[in-house]
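Naming follows writing order (A, B, C, D, E and F), and every chain is counted from residue 1.
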Amino acid sequence: MNAIFDLAVSNLISPIILSFALGLAAAWARSDLTIPEAVAKGMSIYLLFAIGFKGGASVAAHGVDGTLLAAVGAGIVLSFGLPFIAFALLKTMTSLSRTDAAAVAAHYGSISIVTFVAATSVLEGRMIDAEGYMVAVAAAMEAPAILSALWLVAKSGQGSKFDPTLMREILLNGSIVLLVGAFAIGVITGEKGLAEIAPFIVSPFKGVLCLFLLDMGLIAGRGLRQAKGLINLQLVAFGIAMPLIGSTIGLGFGMLIGLGLGGTVLMMVLAASASYIAVPAAMRVALPEANPTIYLTLSLGITFPFNLTLGIPLYLTMAQWVTGG
Amino acid sequence: MNAIFDLAVSNLISPIILSFALGLAAAWARSDLTIPEAVAKGMSIYLLFAIGFKGGASVAAHGVDGTLLAAVGAGIVLSFGLPFIAFALLKTMTSLSRTDAAAVAAHYGSISIVTFVAATSVLEGRMIDAEGYMVAVAAAMEAPAILSALWLVAKSGQGSKFDPTLMREILLNGSIVLLVGAFAIGVITGEKGLAEIAPFIVSPFKGVLCLFLLDMGLIAGRGLRQAKGLINLQLVAFGIAMPLIGSTIGLGFGMLIGLGLGGTVLMMVLAASASYIAVPAAMRVALPEANPTIYLTLSLGITFPFNLTLGIPLYLTMAQWVTGG
Amino acid sequence: MNAIFDLAVSNLISPIILSFALGLAAAWARSDLTIPEAVAKGMSIYLLFAIGFKGGASVAAHGVDGTLLAAVGAGIVLSFGLPFIAFALLKTMTSLSRTDAAAVAAHYGSISIVTFVAATSVLEGRMIDAEGYMVAVAAAMEAPAILSALWLVAKSGQGSKFDPTLMREILLNGSIVLLVGAFAIGVITGEKGLAEIAPFIVSPFKGVLCLFLLDMGLIAGRGLRQAKGLINLQLVAFGIAMPLIGSTIGLGFGMLIGLGLGGTVLMMVLAASASYIAVPAAMRVALPEANPTIYLTLSLGITFPFNLTLGIPLYLTMAQWVTGG
Amino acid sequence: MEMHDAKRVEIMIEAPLERRLTDALHAAEVTGFTVLPVLGGSGRSGRWSRDGQVGRAGMVAVICLIKPERLDTLLDAAFAVVEPHIGVVSITDAQVLRAERF
Amino acid sequence: MEMHDAKRVEIMIEAPLERRLTDALHAAEVTGFTVLPVLGGSGRSGRWSRDGQVGRAGMVAVICLIKPERLDTLLDAAFAVVEPHIGVVSITDAQVLRAERF
Amino acid sequence: MEMHDAKRVEIMIEAPLERRLTDALHAAEVTGFTVLPVLGGSGRSGRWSRDGQVGRAGMVAVICLIKPERLDTLLDAAFAVVEPHIGVVSITDAQVLRAERF
């Protein structure tokens, strides 16, 4: 217990978490601090490119052990499956409508790349290696959850939500393309390519992440302000229970396919995290009746900070216990 | 005299100053060179975050000597007081209306964080240490001057200008929140935190500052073009006299509270510099009758370049003479 | 032949080229991946500033040999002259109207600074020194081609296209001013100035270039999609033949004025590359009847990728053969 | 200067639907329109702002100038996209120069 | 398609006052509006441009579509904010789809 | 609230021509206008988008509110710039507060 606590505290006083907290506080106090949209988008492009490239270069360096395909497969299964669990939980714990519940479920089956990146930082800080291809797993988990959610809604007789344009948009979503593309470039150019651009994608990475989390904090804080009244205790409970369930399942999958400690933690984090960039845009197109305030507040306002502060150290401790690592 | 001259010349041929000059020249020649608004805002967020964080980390490293509170207190007194001097000077030297004079006075009581940053660079280049908490003093000096200016206007029977929304906006202004927040993060995470993000906030800092000053030069140059006719010799004289007066008072305060050479120079620079970001926005809300061309041209077009080129080396020389440093 | 091939392959698997390819592919697949306009402009400002500054600092370090003026003169002659060759070729090979042909010709007389930058990277990767002032040659070659194109159109009796506002705009174009200005700052502040800001303009340079080329790929890809039908085989042939001709002439000029291997390659690249930023804007003003899809697709969609992938290694090999370097 | 009657249609629509709307307009042979960015707004679903957003958040404004007789075609095409979504459609009488362009 | 009369009010106001204006609109129960960015402009106080600016400089355009009978409420609320400041208010007759939204 | 008749002129013009247009307006003593950014659009010359662009690409929208009797002056000045180029000019009847400003 003490170990988790120490880990949590040392995690909490990192510049990354504190930057997020600063953003939350500034939004809460109604400061006019904002990051321009173009700069926020620029930082997210930077982060996706860097994380993808580094993952690819690491695969090029360490070779692919047999688990790559298994890990990607596990990710896809998780992304398809988790929404059903989330949906069942929501219908039990909360009074959300079917559509709202399905929309929320889609977010929890998909992933938050920033949570993934933060977990990578924590692992690096503790010198724990992780499989480079976990980035590919992250990319593979972005989209399937959306299909599950659409299926959940269609099943209830509200008509099919599957249209081919939408499918193409979901699969060729900018963040998936960038992550996979940068991963491929990393694989192709390897350590040599990484060395060439390391002063751009490695050294300043953590600093950019701080500013990006400041922005996430600002958006989450503004969201929470506006969601007052809409977000009740049951929803908050879901927003914390779901990542715990997800991470436990992720732990099982990680063990099953034989990931190392680092890879297992990342699998847990992927399963535990909820999307707040790609899925919301898809939901606006596919399920416009679902209330965006609910799913955005849950994923960005509750689950994201939970994972960032307590979740990641907790998952690491769990994985260490189980793997004896 | 030779020493100042050498210092001034070596100061003038730094990339930072020359970038500003390039911006001025490009604007003057009506080149279409511009920096996108979002990029300029992004750079200012970067600079505020970096300077705040570094100040905090330095406080964490060197401990707080007893002068921190005294320095912040001195800053607040200066920020409240300088506008009265500026106002009196303007009413004597120039024919500005009461409102215009009060608006200009608010700018000179407040501070220019970029001038502060440039001075820090000069000190670093000369290996002169400065108290890390001078960043907190800078933050504390942003707002009080605005109140003095509003009081100066209200006193003349033009009705109270104090409204609570405005007060909140002024105190929770984005740049104050970011500077203070980053300072706090620096204090909490200390040297360890700094080491993690140094490749982002330390190494490339000066380069970013160059591009930011290029932008400042472009804006100042465009402003000066448009202000032709409005800015007479008396106003120019004020724009140079006021920083000299301010810095001298700042020198007195620095000596009084026992700051080191670096801290004293920074206190002088804060007193000498004039705001051109936060205060103008506040003035548009609080004193819409005041002419923005006047106060922007004075602070950004006259006083800023004066401080950047001649002021900083002069203040350093003055402080060295007086402290014998 | 093998040498070119190896060079081409090693060139092709660099992160820079692959980033461009990723952009092309993403646009082709109609992914919604985009880089915000402000970020793209910010990166282009960064690249121009960095390349200019480094060129200047290198001149300050190595001194100016007698060829600087000759090189700039050669550049101006090339920029004036190449449009006539391009125009003649277009009238022979394609069925473009006189105006369209003149507009395209302007692009090929002018230069692409990103191609220049990519070539610099290739040279650096092979430890081949190049004259720092080639940056000044690049700047000098931006504008003259536009005049030749206007003259070609005016000659055909369509009325004079020369208006003084336009001339001023062309000469004081933002990218020329920034490139020349940064070059001057580099010359003035020299190696000392460069050392101060190297962590900003040198270390992360290649990484920024990758993201910029990703953006170029996206734009080129979108352009090619839209140009389907408009771009026939003859135009594609021109887009490849013209850089071959240009580079050969550039090689001649490089030899004539006694540039080193690196400088000769850069002269070839300048002659071979076609503008897609400054000249298109000038053409919209000066030759609005010319179809932008044609000239943008040719320069950005055909010639730019050709130079980037095959052209640069080919020119290097040619120069090595001829100079025996 | 000679002016011609036209309708100015302004459609505020969620950004993720922009491509669907413009595709629908093209399909209805409405090939002239301009897209303006939107910073923020307020409506029945509350206030929102684009500051700091990363995804395809927020709205855009699509402006079409069109011959009066083609208004219904345009509205039918636009409405089919906008209808299930939040968004606002307004029409103003206008006049245009260079009628041949519309 | 069924259309309903409405007024389109366009308020160009200095950016630092945006929140005050939108708060005033809310207070007057005008809860539907859209904020557009402005790049630059010219008026009695000269030309300006947003390029390279850092603070809350420049202006924004706030567009409200409103039922004709509520126009005066809106104008009173808006004018109280705009009056001491630079800025421009214009009103156009318009028609809207989905009247229940206004 | 007292309102005054005015014309609202909206000119969509290529960004590289913005300065020429605003200079022409100034020369014609039309000193009040506002420039809005444009994200993309479609017309006879195809679709375009500002995303990722680097040069002075794309278009801007210039909005002028003007006294009805000065409309022709404005249109003459604007048309001289727009005429050889792509771009769209539309005029709407409007009303303004604070007529002394126009």
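Simple rule for what comes next: contacts are C-beta pairs under 8 Å (C-beta built on N, C-alpha and C of every residue); 3 or more make two chains touch, one makes a residue touch a chain.
If you're wondering where the values come from, they're calculated on a predicted model, not measured in any experiment.
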What is the minimum number of touch steps required to go from subunit C to subunit E? 2
Starting at subunit B, figure out the least number of steps needed to reach subunit E through touching chains. 1
Note: chains that touch subunit D and subunit E both are F
Of all the other chains, whose mean CA position lies farthest from subunit C? E
Can you name the chain that lies farthest from subunit F, using the mean of each chain's Cα atoms as its centre? A
Where the centres are mean C-alpha positions, what is the separation of subunit B from subunit C, in Å? 41
The distance between the C-alpha centres of subunit B and subunit D, rounded to whole Å, is 45
At what distance in angstrom does the C-alpha mean of subunit F lie from that of subunit D? 18
Contacts with 2+ other chains: residues of subunit F: 36-37, 47, 56, 92-93
Subunit A residues counted as touching two or more neighbouring chains: 32, 34-39, 41-42, 199, 203-204
Strictly by the criterion at the top, what is the full list of touching chain pairs? A-B, A-C, A-D, B-C, B-E, C-F, D-E, D-F, E-F
Mind pulling up the subunit D residues that touch subunit A in the complex? 14-17, 20, 45-47, 49-57, 84-86
In their complex, what parts of subunit A are in touch with subunit D? 34-37, 40-41, 44, 165, 215, 218-219, 222, 226, 276-278, 280-282, 284-285, 288-289, 291-293
Of all residues in subunit F, which touch subunit D in the complex? 10, 12, 36-44, 47, 59, 61, 72, 75-76, 79, 82, 88-93
Touching subunit E in the complex: which residues of subunit F? 1, 3, 6, 8, 22, 25-26, 31-37, 60, 65, 92-98, 101
Given the complex, residues on subunit B that touch subunit C span 13-15, 18-19, 22, 25-26, 29-39, 42, 199, 203-208, 210-211, 214
